[in-house]
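These are the structures in question, set out in turn.
You will see chain A twice below: alongside chain B first, and alongside chain C after that.
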Partner chain A sequence: MNLGQAIRLRDATLLPSRRDEDWRWTDLRGLLRTIPEPSLALDPESIGPGPFDGVAGEVLVVANGAGPEAVEVEAGGDRTLVLRQVSRGDGAHACRLRIRVGAGARLTLLESHEGGGSGLSLLGVELDLGEGAACERLAVCDLDPDAVAVAELDVRLSPGARFAQTLLTTGSRRQRLETRVSHPGQGAEARLDGAYLLSGRRHADLTSSVRHEGPDGRTDQLARGIVDDQARAVFQGRIVVQEGADGTDARMAHNALILSDRAEVDARPELEIYADDVACAHGATVGALDDEVLFYMRQRGLPEREARILLAASFLGEVLDRVESPAASGRLRDWLAARLGAA
Partner chain B sequence: MLSLRNLHARVGDREILKGLSLEVPAGEVHAIMGPNGAGKSTLSYVLTGRPGYEVTDGEAKLDGVDLLGLEADERAAQGLFLSFQYPLEIPGVPALTFVRTALNAQRKVRGEPEVSAPDFLKRARACAADLKMDFDMLKRPLNVGFSGGEKKRMEIFQMALLAPRFMILDETDSGLDIDALRIVSEGVNALRAPDRAMLVITHYQRLLDHIRPDRVHVLADGRIVASGGPELALELEREGYDKYARAA
Partner chain C sequence: MAAVKDTVEQVAGLEKYEHGFVTEIEQEFAPKGLDRDTVAFISRKKEEPDWMLAWRLEAFERWSAMESPDWARVSFPPIDYQDATYYAAPKAKDGPASLDEVDPELLKTYEKLGIPLREQEVLAGVTGAPRYAVDAVFDSVSVVTTFKKELAEAGVIFCSMSEAVREHPELVRKYLGSVVPVTDNFFACLNSAVFSDGSFVYVPPGVRCPMELSTYFRINAAGSGQFERTLIIADKGAYVSYLEGCTAPMRDENQLHAAVVELVALEDAEIKYSTVQNWYPGDPETGKGGIYNFVTKRADCRGDRSRVSWTQVETGSAITWKYPSCVLRGRESVGEFYSIAITNGRQQADTGTKMIHLGAGSRSTIISKGISAGKSQNSYRGLVQIMPNADHARNFTQCDSLLIGKACAAHTVPYIEARNGACTFEHEATTTRLSEDQLFYARQRGLSEEEAVQLLVNGFVRDVLQELPMEFAVEAQKLVAISLEGSVG
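This part shows the complex of A and B:
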């Protein structure tokens, strides 16, 4: 299976399906009988405002799959890039973008996934971080309910580099955000956070895999989410510590709240450890909002809806507490507050 | 002020209140004492509208307003406050944020303007000082990691800021050492007023040395089986609940 090829060749048999172990909870083959026609061109001038408007930085737009193919941050540079992936209509499109961050450089990548119509989209990004480089990727996904969207990021870390991400999504008909990190250790660090807030019949899949190939690397992951109605969340987190990657420190936590009997959370945290001297931990919980806590809050005068929103905001807020960029952090909080209020 | 008539209530299939009647006039403090399992905590939950506590008969009115027809938060906005026996922890929500949000939610229902952040902080500082609470503690998530005594103090802090008309204190003395008991009791006594009233639920006389009740009632097997002045609490302390448990 290969989604990019499936779209290019318009061959639905190449779509990932439940037979692929990594896609068993996000089956695209069973969802789509045919690949839609290629998307029509979309004028980037027509797309309206985005969630990071006004935050300083250059804006790159990928409009129905058309956009820049390569971005380079020179060694020692410091840039903030807004990357808007905007899709409209019912077509299919795929695009690839390469981002290189030179040695010692910094990049703040503010990403938004918008629209999607009832089409199929794939955004593939390769991110190379040079020695001592740092990138924080903050992404918000506001997709249409009928969109089928996959975004894949391949990160190559160099020694001493640091990659941190926070993904926020409300899902879509079927959405997957996949992050793969090749981790050389040697002081390199990765933070792979995410939060999902799903209602209706929406689906979101946060999948990540980190491969620690050398000693003394760190990976830290906190994913949290809330699912309501008939929504479905998938969390797959894999951390592999290869032989010789001693001194690796890897932590993974996934916590979900289910607000409805018909909602579903499928979680698969996996640690594969082939080295001896490592500190690894993972924790996963799936629960409901605590009725006793809700009653306590209502006794103090909070209406049930407000009490639920306050609890949900604080639950997901702990993910936002870890965001580093001060300029974007407020935007992410506003975004979350608006989605919670509308839920 | 609070008027309970022939209150029957059950939790699941178990009937716990079996015809409880009680009048607490404005300006008074009444104590409810009784053996374990008599229905003391059930009474506090029935009055405050906890889900799962079903009233099958009788009435409960606060200044003529039927409490039983209101949601828990609507009762709070009517000025009803319960100091919990076991206060809950609310991860991620700082204590001050929580109380201010609750206060403004109540005021909104009552058609009163919001309390501004600076005004609220000023009042919070004064209340914290009265209760000898460390102000930094109020910036931490409510009750998370607090000791039993700190949680009880936090209940009284919330009570002081929310300024309810009718207060129910459920075993507020448990978990408090003698100094904390004195400070908390002073906090409670400061809220006594001619237009307010209080129901103090306790197993022991100790708390009533600090919060002097006007009337004492004995609750046994879901009913008030005896009522009297403060001397009744002393008698119970001396002689225990045996004779009431048998009478019930």
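This part shows the complex of A and C:
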């Protein structure tokens, strides 16, 4: 089972399937009988505006899998990168990108996943954070309803480093955002947040695994989402605390609202603990909008539609409250408000 | 505090595993190995009708084509299924007609285990003390079932599975395998082929079973496994509470215990099933020996407003692989799972529950407390599934893990699948060690470290202990202390 290899070798039998425990709710092999032809080249000039246009920063474009291979932020630097992954057409492509952030440097990574057509795409990013470095990754996904897209991020933290992310997605035919963090502890911190808003027959999968390998590390995770119609959301979060990683403090929460009888939310919050001096907790809830709250709001004169949007906005808004970058925070709020209004 | 003091005294006066003795008794065995002949041998020994043999043989064929599951977080060398005996029974002298004819060695065994087999002994307490009917299963056969007559007067059938196959075939045929299908999983399928004894309970409509029913499982013979099969049916509006206990001798070899328990609750019926599992856990230092406890337990809440509650205290076994489940088919049916799983030494446990919500308004509660000590591995694995028709279904899950010591591990793997727009699902889990502050406080009040740990552990598992019938709760509390013995410092 290896998606990159499946695309490269055009061998659909290598696609992850429901028999792979970590992919049981995001079955690609059952979905795709064959791997599509390789994608045609896409002119980066032709892709139009992106969601982070106007935010000061360097723009990198990955167009149908073609883009830069490595980016380096020198020690002590402070940069904002806008990374646009744009796919068009019905082909398949994969691409890898390496980002190194030097000791003590700061990086704000503004990521957008756009288009996708009816093709298959894989974006693999490796992110190395040097000692005391910090990176905040903010990603919005606006994919076409027929796209099959997987984005994987491998983060390697050094002692004292800090990684924070907020992923926002409306899903696609099948979409997975996977984040794997190798966490050395020793003052390093990770925040892995996400929000999904799914309707129609869309699917989104937020999967993460954090491996605490040394003492005194922190991980904090908040994922929230709303599913309607026949949409399906998947949340898988694994926190591993290895032997010797004492003093680890790890918290995970996943809350979902399910608005339709044909929608589905699947969740697996997992703890794997091999050290005893730890504080680890996870919480997961799935439920409907509170009828009493709706009633209260309507009684105060709000139309039902507006009341629902307000409730949804406040529910997902708590994820956005944790975004640190002031420049991007407003963009994410606008992005979400626009989608809530349309929902 | 009295309980704690009592516990401490108990611990001081006990061996590490008090049930590790072997009963020297003449026994009869099936030839070693497993094939169609073994299955036929067991069926013949039990004087079963043809349909039962056919059922077993079909299961055997299916099992032969299956593979041992490997998804649980446990590791053990492959089991050689040909290197075991699938039937072991104390040699019967034409079957005891009364307790007086039961082999005295057997009676002594149960006396030593503290299991009341003589009805008068049970009665010899204070008037009004709760009474228990016992079905005692020794290796592959049920040696005695008490209080049968009194239960029969209330209309309750309580007997061994073998007897039920002969005496109540219409009930057995109707319900056997209807909750856990023959091919449900590898171990359940093996059990279906070679199951020996277990209990059969039928409570007729509207009857509240007049006393607690219990089964006591004892593995004695070497080189054998135990494959009991239990079937409990609570007809409309009936109520029954059933307790299960188990022990085995200390041996260097691993012995397989692959049981299947099926519960059927019809309309408005309620079944309460409690287990105190104390199989030999193996040598705590080397991990040698101990029971492999690979058990399939499932309840079918078939009727509207039916209710099933599983309560388990798991302290023994080298490896536990067990997920007592509820299929909540009836409207407003209720499933409950209360569990304490303790692992010490080199024990491995992968246990939890499944709650499948099919009926509207069905509710389930899961409270799981895992305690790991020594070099053990303790996993909670659970599934809560809310299907599209289960409007207003609710689940509450709480799994807490406690770690004692640096070399043990605790894992939580809950699966949640919600497919209904009007369901409510809440899950929370924590993993911590014993609080230094609380330990300090207890020690400052004059408790030794061991006592302080026991006090805190008892507090940690209290939610579950409260669900046990009283006598069992006291027993379980002691067991918790004994299981954790030597884990401090």
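The rule we apply is simple: the second predicted complex is superposed on the first by the 343 of 343 C-alpha atoms of A that agree within 3 Å, B and C clash if a C-alpha of one lies under 4 Å from a C-alpha of the other, contacts with A are read in each partner's own complex, and residues count from 1 in each chain.
By definition in this document, a residue touches a chain if its C-beta (ideal position, glycine included) is under 8 Å from a C-beta of that chain, and two chains touch if they have at least 3 such contacts.
Remember, predicted model here, so these are calculated numbers, not experimental data.
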First, second, both or neither for A:304, with chain B first and chain C second:
first
Touching A:4 in the superposition: chain B (first), chain C (second), both, neither?
neither
According to the stated criteria, A:295 is in contact with first (chain B), second (chain C), both, or neither; which is it?
first
Quick one: classify A:284 as touching chain B (first), chain C (second), both or neither.
second
Output check: A:44 vs chain B and chain C. Expected answer is one of first, second, both, neither. What do you get?
neither
State whether chain B or chain C is in contact with more residues of chain A in the superposed arrangement.
C
Applying the touch criterion given at the start, work out whether A:57 contacts chain B, chain C, both or neither, answering first, second, both or neither.
neither
In the superposed arrangement, which partner chain does A:272 touch: chain B (first), chain C (second), both, or neither?
second
I'd like to check the shared interface: which positions of chain A are touched by both chain B and chain C across the two complexes?
none
Applying the document's contact rule, which stretches of chain B touch chain A when the two form their complex?
48-51, 71-73, 75-77, 81-82, 84, 87-93, 98-99, 101-103, 105-106, 109, 141, 158, 162
Under the definition above, what is the set of chain A residues touching chain C in their complex?
21, 243, 256, 258-288
Please name which positions on chain A make contact with chain B in the complex.
290-293, 295-304, 306-307, 310-311, 313-315, 317-318
In the complex, chain C residues that touch chain A
71, 386, 388, 391, 401, 403-433
